[in-house]
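Next up is a structure, given as structure tokens.
Labels for the chains are A, B and C, by order of writing; each one numbers its residues from 1.
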Amino acid sequence: MYHKLEVKNLSAWFNEKQVLKDVSISFPSNNVTAIIGPSGCGKTTFIRCLNRMHELVPGARVQGKVLLDGRDVYRDMDAMEVRRKVGMVFQKPNPFPNMSIFENVVAGLKLLGVRDKKVLSERVETKLKEVGLWEEVKDDLRKSGAMLSGGQQQRLCIARALAVDPEVLLMDEPTSSLDPASTAKIESLIRELKEKTTIVIITHNVQQAARISDFTGFLYLGSLVEFGETKKIFESPKNPLTERYVTGRFG
Amino acid sequence: MDSRKAKELLVRAVTTFVSLSVAIPLLWIVADVVIKGLPAINFEFFTSLPAPFGETGGGVANAVLGTLVINAMSSLIGIPLGVLTGIYQSEYSGDKRIYSLIRTSIDSLAGVPSIILGLFAFTIIVMRVGHYTALAAAFALALIMIPPVSKATEEGMRSVPIEIREAAIALGLPKWVITLKVVFSIAKGSVITGSLLSFARISGETAPLLFTSLFSYYWPAGINEPMASLQVLIYNYAMSGFGEWVTKAWGASLLLLLIVLMINTLVRAVSKNKGGY
Amino acid sequence: MMIVQEYLEKINALLIEMNEVILTLGDYVEDVLKDKRGGLLPLTTELCRAAQMKEEKVQETCIESLIRLQPFAGDLRTIATSMKVAYHLSRICRYLRNITEVAEEFSLADCETGRTLSLYREAEEMVQVALRSYLQRDLKTARDLIKADESIDQKYREILRDLATGRHSGACILFNGLAARIIERMADHACYLANETIYMVTGERRIID
């Protein structure tokens, strides 16, 4: 099993406070890996270390290795290159409000100077189709991105992240602000996306992790408690702490 | 009626009365200007050069053009500098001390009386080149424009939510692209209103012009020459004692007032439309 | 809407009720083997049906809990195994009934049923121990029980050898042979039940013979 992304002994701090303690996880390619754990366990900090966004906070510090295809994301790569290859979708949909749907999808290209109309149009159509939004918006791509419903906006943000062809897609609780129908659409989308990308999803909803992930990691107070195939973790976890968490014995 | 209700009513009545009273001087001024200025307005007023002292006829065309030219030059200097400073303060000044230094400087600059800025321009430009020049006026007025434009830019950019910036960062865009093409692009509205307001502001400044562009009874000869302006024309003509000129001063006042009111109304309309940032 | 604990309590209560039926049926089987009593088939058939209805109820309760709770880990394994345990208990009820059914065919007045009775008592004990190990989540008892199956198999083969000698009447050979076979199967199901306990507690799946 090839591991697209490998995290080795990752620790992270906000000033003096240590939020991640020596976490090591390997993410298998073209699979969905879920990271679960109670609030404050360090899940969000963890994925922000994967695309080098944690370091943007003043006073933030990182130690350890994050390897993308064997290359050290901190030492061998430039931050922007990392972020192009490791995309991110956030909890609250955040389309650019001053841009149309079209411009939003290809923002990652257009803002860097790509002008070829044909290339851009193709990319818009392809990506909107991938996220299942094409039929709903194809007649009015010039409409502002902010005028869509919550679920549509989130799919637009996913399309935008996919437009730069990332190799890994990080998703920070992507459906927690959406209604059940939109959530179901996006979960179904995630199952399809893994064929092309490796996906890491953070969720506080264990049922969601059970539904869509192939592998699951349980983080608690900054440490990795258990990691394994989702089937196994949810059928018979090895660690009693994991057992207590997935059976809802503690939030 | 018990005393509590009476007090309530009293406070209400007093504040309403005072607030409405504030509108009175404004309405009075506008009425005065309109009544006294309207007689001066005609085709010749807008298209002709001033007639010599004592003669009737003539117009203020050179002053209109001059004001526009001076304002344009000031804007060309003041707005870019204000915008760049605003961008820097919002996005790039990491060190708190540098930020405070610049912030204090700009706030202080805003507090300097315009006549002193005019005197400053006089000293370093007019005295150097040996004659009055519109360039010095542009310099002085630019200094007046920088603080409000900078503030509007900075506030506009700061009000762009962090989620938007994060989305741009996560796409792997370089900082300058995010700053200019995403954040600034969203803050555009704020920058435009700030610029328009400062344009209206300098249209009313007279003191600096007296030390720099002074006046001229002819068409603007060049930017490095004295230049006519509506503000100075009003000053000169109103004090002249010559009825014809006094009327023209009122006409110019009316014109200036209209320009400033129009800009302010435009700004308010644009702000309402854009809402948001 | 109930929480996990409430569902598990409801399910366990049903399993215990099923066991009550087994005990009652067991008394009747004793009557047959010890006192050669007949005419019990209608009674035992009725009891069996009651047990089957309880099995259905267990199934229903489990399905409902899966829908409502989407349980995981220990909770999930407990619910999944309880469906199988209910099935094994129901099967055991049918075996007990079958013994009384077989007894109807023959007049057993002169039959030696001592060994068969002893085999039955051992198997009945195994069923009780197995169910107890499940309800109390007792891993050791469950593992020990599975080993005890050896003893039953041995005694069963002895009975068959004895019957093969031909010293009994034809009816007795048939009756004892059939009853012993039924009892041996009953013991097997007790072991399968104990095996479920192991999976429920540890998550470990094993196939036992």
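Assume a contact is a pair of C-beta atoms (placed from the backbone, for glycine too) under 8 Å apart; a residue touches a chain by one contact, two chains touch by 3 or more.
Since this is a predicted model, take the numbers as computed values, not measurements.
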{"item": "Chain contact topology (line, ring, star, complete or other)", "value": "line"}
{"item": "From chain B, the most remote chain by mean C-alpha position", "value": "C"}
{"item": "Centroid distance [mean C-alpha coordinates] between chain C and chain A, Å", "value": "52"}
{"item": "Distance between the centres, which are taken as Cα means, of chain B and chain A, whole angstrom", "value": "48"}
{"item": "Rounded Å distance between chain B and chain C, as computed from the means of their C-alpha atoms", "value": "96"}
{"item": "Residue ranges of chain A touching chain B (in the complex, touch as defined)", "value": "51, 53, 56, 80-85, 87-88, 90, 92, 94-98, 107-108, 111-112, 157, 160-161, 164"}
{"item": "In the complex with chain C, residue positions of chain A that touch it", "value": "206-207, 210, 234-237, 242-243, 246-248"}
{"item": "Chain B residues touching chain A - in the complex, by the definition given at the top", "value": "161, 163-164, 166-174, 177, 181-182, 185-186, 188, 276-277"}
{"item": "Chain C - residues contacting chain A, complex", "value": "4, 70-77, 202-203"}
